[in-house]
Each structure stands twice: as structure tokens, then as C-alpha cells.
Amino acid sequence: MSAVASATAAPDQAPTRRLQTHRVILVLVALALIGMAIAFGRWDWLPRYGPRLWSGLLMTLAMLAGSACLGFLLAVPLGLVQVTGPVWLKVPAQAFCTVIRGTPLLLQLWLLYYGLGSLFPSIPEIRTSFLWPYLREAWPYGLAALTISFAAYEGEVMRGAFAGVPAGELQAARAFGMSRGQTLRRIWLPRALHRALPTLSGETVLQLKSTPLVATITVVDLYGVISRVRQETYLVYEPLLLLAAIYMILTAILVLVFRFFENRIPTRGH
Amino acid sequence: MKKHLLGTICLSVVLGLAATAAQAEQVKLGIAAEPYPPFTSPDASGNWQGWEIDFAKAVCEEAELDCVVTPVAWDGIIPALTSNKIDMIVGSMSITPERQQTIDFSDKYYNTPTIVIGAKDLEFEATPEGLSDKTLGVQVATIHQVYANKHFAPAGATIREYQTQDEANNDLAAGRLDAVQADSIALKAFLKTEAGQACCEEKGVVAADVEVLGPGVGIGLRKGDTELKEKLNAAIKEVRANGTYAEISKKYFDFDPWGN
Amino acid sequence: MIDWSLLALDPPGWGGVLLQGLFATLQIAIGGYLLGAVIGIFGALGKLYGGPVTRDLMEVYTTIVRAVPELILILILYYAGTDLLNQLLGLVGWGPVDISGLAAGIFVIGVVQGAYSTEVIRGAIKAIPPGQLEAARAFGFSPATVLRRITIPAMLPYAIPGLANLWLIATKDTALLAVVGFSELTLVTRQAAGTTKSYMLFFLAAGALYLAVTLISNAVIGMVERRSRRGFARPG
């Protein structure tokens, strides 16, 4: 995953960023293609679905933000125990990462929603608990599956990040008389987070690209709304092309936001 | 050997595409790739069976067509037809004016009322008022989705849309839905299963809306495929007349699904 | 409580159907992966040595594929790709061809994989000490010979970790074809689960199969990596 993540992060800066003749022509060709798509495609449905597309977009973003934040919070302990934890924590954490990274997210999602969900009616305690109104909805399952997946991939990254902090720095902290907890809090964790930050951008883009899967369990995200458009208008391409364009814009915004933050965090030395 | 690796890969990919392109003249009979008993469902040997499969085979035989059952995702079955991935849809698809703008249909080959089923511990009727505070499950890209959004959603019902009917039924049994709307034959088959008996009962037939619900189920065809359409229409008529239709139906139902 | 006989290999057990699904998954993963590798080699060469237009087009291709969710790419390519091919063939006068689900699946996974392969292979080629390529050219090797004899063999050790990762992604991306109704492992699992109502059992069984593929692949990848690293200085 890390290879893909780094590949997603940022293309090499071309040596020249001047506006070259061929590039102008390519841009014109692209504009012509877009123009043709607008002129010859059917887009009259767009205003009708505007509000729904907006709420779908919000759902997609909520899924992305929620699962990335929760997943990252889980990933830190997952990575830490794999490096330094006792065996009874290390082995389950490794197994968790291997299993989640070794099976398709779609399958995990369906296992959670249709598999676990179909077991609930046989347990009356769950149906009478305060959680039931949430368990009836689809989004908690989608959020859970996305969170678990993000935690497993990012947990692997955090493991590498924790292991990669130079031992000398930790020894120095101990030599200053810091306790294990203080070393972790003041030195190890911040240094590991710093090392893991560059991969976060790529992993988050991958996570964004995973979110449309939640539409298969009745969560109405951006993809779900577009599916609805496809079914109601019987258009094959236009809605999908619009969707692809929206995701490209979202990816671009994500990459830019992360680049902005990365530039603000000073990196020296290593 | 190693240096030919690249060439070999290229060649095998091209050959693979060519080989699959070689067989033509078969009619691809598109069905929804999901269990929809008793019409179509997969069995443990990987084949598809059910009333609709038997019926389609009889029609193909009558029309002397070499039909190949091709499962595709239901929510993409019309795009699959218009982009030539399949040649006809035999998927319990109702003939509606909305769909007729995009595809063509054969004559109808069965017709069933649309009903709503719901949890036993809830008392309600299949009316906009009855469903106003309920969560109703429908399958995407069906007349039921259109109907529920037109009649029940404005009254306050929450509509949940599933990719397959089977998953909607499953969620009803799991208590995550209050009600499900679909064809009566499919839903009554579900009510007879163990899970269906335990949880649910019929709540009633929905009010008529021919504009949405259509006059029955037909074989979906590409527009302009008139030759195939005529062949199929003749075959449906013949299968109905010569008793094959009744014979197939007897295997699955204790009534005549032809409807009126 | 759990009816294990549902997993028996012969009907009425569904084990045979699951294995058929696994076979279809592997076929698509292998085909798509190889197609992706071929696209990747040409893509990388195009990006490194191609003219400015080729370079920009390759950049557009890899950027789009990496920015748009695989699910959506698969839907677009699955419907549009084969449709366009048929229209092109129609223009040439070959008439419509029948593109099987398998070929379409391989094509779709291959195009997606190709973008990532391009990046991996481009990085690997850039890691080849330039002296090796210069020496080959100095000996009068034609560009094609340089590619075959030097570039591809020399970049492989650098590319293997990335390519291995892509293989694991390919096996999992095939699951997305379930959404277009292709009968690979995930879809047949969903069908078996729906028909028998044993959702947990079948999803867990399919998960075990995917995991087995990953673990076996990891073992093989480890062996290949060790072999390809012979003669390299040990890191650290």
C-alpha cells in the first residue's frame, strides 16, 4: 500500500512549468472534449438533483472525515503495540492488520452490514438497547467498516514510523530521566507522527476513493445519488462522468490541503 | 525465454480477447445477478433456475434462438442492454412508459399485484397514511422505488433503497425495516420462508397507479430490435397457447401468473 | 448452530460455487495484473523518454486513474470501454464483437492497474544506475535491445516491492466487479449467502479464501524478493 500511497502523493515536479505550445493545444483539446460532453450530453437532470447531490456530497465527506479521524486514533495504538507491546497485544494487532489488509473492503462491509446485522434479531437485548435506533441505520456500519480499514492500513504505517524513530533519541530521553510514559508522550509519539504525516495524504485519498462502496449498503452518499440519477434517467455516461469529475476535484482539494499543512510543519535534518 | 516474456504477454492478451470475440450469433439473455425466488435464483451447482429461467428457455426454444443466460447487476441492467452487453432482459421487468422511452418491450408474460409486507408487531396498512412514520425498503431501479417515492415519501415514509430485493427482505427480517414493497409473488415466496414466517405478514395491496406500475412484465429489448421482438412475441403467444406456460407455472405456483 | 455442510464442495453444498468464483477472481486478477504491467512498461517509457505530448497524456492518464474511485472507473470502463471498442470496430467495418465478461473485467482491472504500474516502473527505471544504460548505448545496442536486455532486467529488483503490492491490490480490486454483476468470488458469495440466508458463514468463508490468496502471495513475494536481491549490498 505504501508504494501506492507515495505514488498518489505528488507527481514529480516537471523541470519546466512554462506554458508550452503543445500544452496549450492539449488544454484546448481537453476543453473541446468537455465542451462536446456538455453540448451533446443530456444534463437537464442536473438542477433537479442539485440539492440531493449536495447532501450526498456532505455524506461522502462525513464518511471520509469520520473514518479517517477515528481510524487514525485507532492506528496509533495499533502501530505502537506492534513495535513495543507485550505478545498478547502484539499478535492480535498484527493479525488484525493482516486480515483487514488481506481481504476486500467490499466483503468486510457486507460482512458487517448483512452478516452481523442478520444476527441481531436473534439477540433481544440488542433490540431493546439504546443502540438499536443507530444499529437500524446503515451509516454506522459503513463508518465502522471504513474506520477499520483505515486503521489497519495506517496502523501498518504507524508501526513503521514508531520503529523508525532513532533509538538514540529514545535513549537520550531516558537519560534525562523521563519515564516510559513521558518518553512516549514527549518524544516517541510526536516523532513517529511527524514521520507518518507524508503518507497521510496518500492514505486519505485512497480512503476517499473507498467511500462510494457504502452506497451498496443503502447509505446515500454522492455515489448513491448518482446511481439514483442513472436509474431514473437511464443515462449511462453523463452521471458517471460528472461523478468522476467531482471526485477528481475532491482529490485535488485534499492533496492541496495536505500540502498546505505539510509545508507549515517544519522539517529539518532527516 | 525471458526476453520474449513481454511479447508473450501481449500476444496472450490479444489472443484472449480475440478468442472471446469469436463466438457470435448467440442471444445473450440478461438476468439480474441476484436471488429473486421463485423467478430466478442461483443453485449450489452454479446454475440459475426458477420460473422465469424455465419460461425464458421455453421461449428461446420456440423462437429457435441460441440463448445464453448472462447475469448482470440489476441496477445496471438497462445500460447493459443499451451498451450491447446483453440482448434481452428477462428479469421480471415491468413495462412502464418511463422505461419505454429508453428501451422496447415484448408483450407481457406475467402480471402480479404490488403489495407491502411488514413486521408482525406493527399495525399499519399499505397506504400513505399507514406508512407515514415507517421505514420502507424497496429495490433500486424498480417500479416500487418509483411508486414509493411518489406516493409514500411525500407522506413522511423513509425510503431505503437496496441493490437486491433479497437484501431488503433480509433487513426486514433483521428488524432494520418496518415494511417492504414489491411484487406479490416474490414477497409471498419470502413470507413462506422460515425468516419470513417468523417476522412478517402481508399488509395489503397498494393503490393502483398504472402510469408507474405498468400493465405487467415483459422482455426488455433494445429499441429497433424489431426482428427479435416479433420472434419473441410469437414465441410467447405460442408457449402460452400450447400449454408449456401452464406446465412451467404448475411447477412453481398454485395459480396462473399470467394475470389480466 | 452453524451448518458447515453448506460449504461442502458438491451440491447441495456451495463450496464448489465459491471455488469457481475464486477461480474467476484469480483469472481476472492475473490477467488484469499482467495487462497492467504491460501498460505500465509502456507508460513508464512514455513518461521517461516520450515526447512532450506523450508525457502529458501519460500524466493525465495516471492522474485520472489515481484520483477517481476504482468503483466508478470500473463502471465507466465496463459500459463505455466495450461500447467504444465496438463502435470503433464498427467504423472499421468489423462489426460488433462479443466481449465476454471476463475480457471486460481483465480490461478494466488492467487499465486501473496500469496507472499504478506506470508509476512503480518509472521509479524503478530511474533507479537504474545511468552508467549501465549509457554503456549499452555505447556498445551500439538499439533502443529496443537496450530495453529488453538492460532496462527491464535491471529495473526489476527495484520494481518488485511495488509490483508485489499492486498484485495484492489487484486481487482485492476484483471484488468491485461484483457491483457490475460479474460472477467473481464476492458476488457468488453474496448470492450464496442470500439464497441460503447464512450470511456470516459465507462472508467469513470468502474472507478466508481472500486471506489465503494474500498470505500465499506474501510467501511467494518474499521468496522472489530474496532471489532478486542477490548480489545487492545488504541495506544498513
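So that you can tell them apart, the chains are marked A, B and C in the order they are listed, and the count of residues begins at 1 in each.
Going forward, a contact is a pair of C-beta atoms (placed from the backbone, for glycine too) under 8 Å apart; a residue touches a chain by one contact, two chains touch by 3 or more.
Chain-to-protein mapping (UniProt): A, C = ABC transporter permease.
Note that the coordinates shown come from a computational prediction; the quantities given were computed from them, not determined experimentally.
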{"item": "Chain pair with more C-beta contacts, B-C versus A-C", "value": "A-C"}
{"item": "Far-end chain from chain A, centres as C-alpha averages", "value": "B"}
{"item": "Separation of chain A from chain B, taking each centre as the mean of its C-alpha atoms, in whole Å", "value": "35"}
{"item": "Whole-Å separation of chain centres (CA-atom averages), chain A against chain C", "value": "21"}
{"item": "Separation of mean Cα positions, chain C and chain B [Å, integer]", "value": "33"}
{"item": "Two or more partner chains touched - positions in chain C", "value": "75, 79-80, 83, 179, 190, 197, 199"}
{"item": "Sites on chain B at which at least two other chains make contact", "value": "76, 79, 83, 167, 170"}
{"item": "Residues of chain A whose C-beta touches two or more other chains", "value": "114, 118, 216, 236"}
{"item": "Chain B contact footprint on chain C (complex, rising order)", "value": "11-14, 16-17, 20, 31, 34-35, 37-38, 41, 75, 79-80, 82-83, 86, 96-104, 106-107, 110, 148-149, 152-153, 179-181, 183, 187-188, 190-192, 194-195, 197, 199"}
{"item": "Parts of chain A lying in touch with chain C, wherever the complex brings them together", "value": "1-4, 7-8, 11, 20, 22-23, 26, 98-99, 101-108, 110-111, 114-116, 118-119, 205, 208-213, 216, 223, 236-237, 240-241, 243-244, 247-248, 251-252"}
{"item": "Residues of chain C defined as touching chain A within the complex", "value": "52-53, 56-57, 59, 62-64, 66-73, 75-76, 79-80, 83, 116, 119-120, 123, 161-162, 165-166, 168-169, 172-176, 178-179, 186, 189-190, 193, 197, 199-200, 203-204, 206-207, 210-211, 213-215"}
{"item": "Contact footprint of chain A on chain B as seen in their complex", "value": "75-76, 78-79, 82-83, 99, 101-103, 135, 140-141, 145-146, 160-163, 167, 170-171, 173-176, 199"}
{"item": "Residues of chain B that touch chain C when the two form their complex", "value": "2-3, 6, 9-10, 12-13, 16-17, 20-21, 23-24, 26, 28, 32-35, 37, 41-46, 70-74, 76, 79-80, 83-85, 164, 166-167, 170, 193-195"}
